[in-house]
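The block underneath contains the structure these notes are about, expressed in structure tokens.
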């Protein structure tokens, strides 16, 4: 998974019908310049540190037929013991 | 998913028969130099900002047997609250 | 998918028995320095511009049990409207 | 798989209910600057050299329905014959 | 797939029980600085040029339940027509 920080939200009206209802957030991966869009089932806000799972495991999280979603926020980070 | 901008379209006559009918667009991932080719079910045009899902979830979106497609435009972006 | 140019062919005698019969080509991804080896079902030649699908969707293209192949040339590019 | 070194641990209280009980460690991939978060079923400690499997194979390791976990520590490294 | 050169071997005693018996080799991807650990069913040696398949197709190669292995040496390279 990736440790990332929420930087904003994306809106899309013209989309495939299989896109699940809910928020698509933009995140930046910590200590890198990579930006991703991830589905957020947790109601995270800008600046929040999150854990992002990517690939088919993100789609597999949804009940029923897997939607075309390849990144999912699976948690918000409380605290980190990582050495800087 | 990746936030990207459509830069063009690709045509292929010599191809595997399992390639689905429709457009393959070239996109550049925003704030990077990465270029991808993605299947477009939405009729997007050059310069349009789009959301691209990659990997097996792209193939899984198609009805019936999954085609060898690893990138799919799942939405066009209306507006972004991302801080620049 | 990736837009790439064929640069050569690989031969392997010592290999797993599940490797499908056919050509493994070396390609370089356009506008990058990434090199990949991809299975070629189309008979592409050196210098040819191709579309490469990667990951499990490449293996899923083969009939029967999926072989350990993670990159597949799915088409040869006719023409591109991409802005340079 | 990736050869990595454990650098810390992540705690998350606000999370999806499908996140399995256990430790999420932060690792840095050796001879790179890439950082990942990986599920640790082995009780690894800071500074330990580990083998990390990524992608859907990590989720597939768990018994029952695959959780949204895309990185798994599958072993701790005893010794390496790698030339430096 | 990736064209890589074997640089060493990894030993792991503390590991998940699902790790298959056999060698885990360290390889460096040719014309890059990326290092990977890959399962070797072919008995390759240091300095040998190999073809590495990555992702879930590596796990799918094993008989029975797929182990948490995301990189597999599928062949040793005889000869290459690649232009340098």
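General observations
Letters A, B, C, D and E name the chains as they come in the text, with residue numbers starting at 1 for each one.
We take it that a residue touches a chain if its C-beta (ideal position, glycine included) is under 8 Å from a C-beta of that chain, and two chains touch if they have at least 3 such contacts.
Everything numeric in this text was worked out from a predicted model, so none of it was measured.
For the copy pair chain D and chain E, the superposing rotation over Cα atoms measures out at 70 degrees to the nearest 5. Remark: chain A and chain C have CA centroids separated by 31 Å (rounded to whole angstrom). Distance between chain C and chain E, defined via averaged C-alpha coordinates, is recorded as 19 Å. Among the residues of chain E, those touching two or more other chains are numbered 55-56, 58. Touching chains close into a ring; read starting at chain C and passing to chain E, it gives C, E, D, A, B. On chain E, the positions that touch chain C within their shared complex are 1-3, 30-32, 41-42, 51, 53-58, 60-61, 72, 74-83. Considering their complex, residues 7-16, 18-19, 24, 26, 33-38, 46, 55-56, 58-59, 66-71 of chain C touch chain E.
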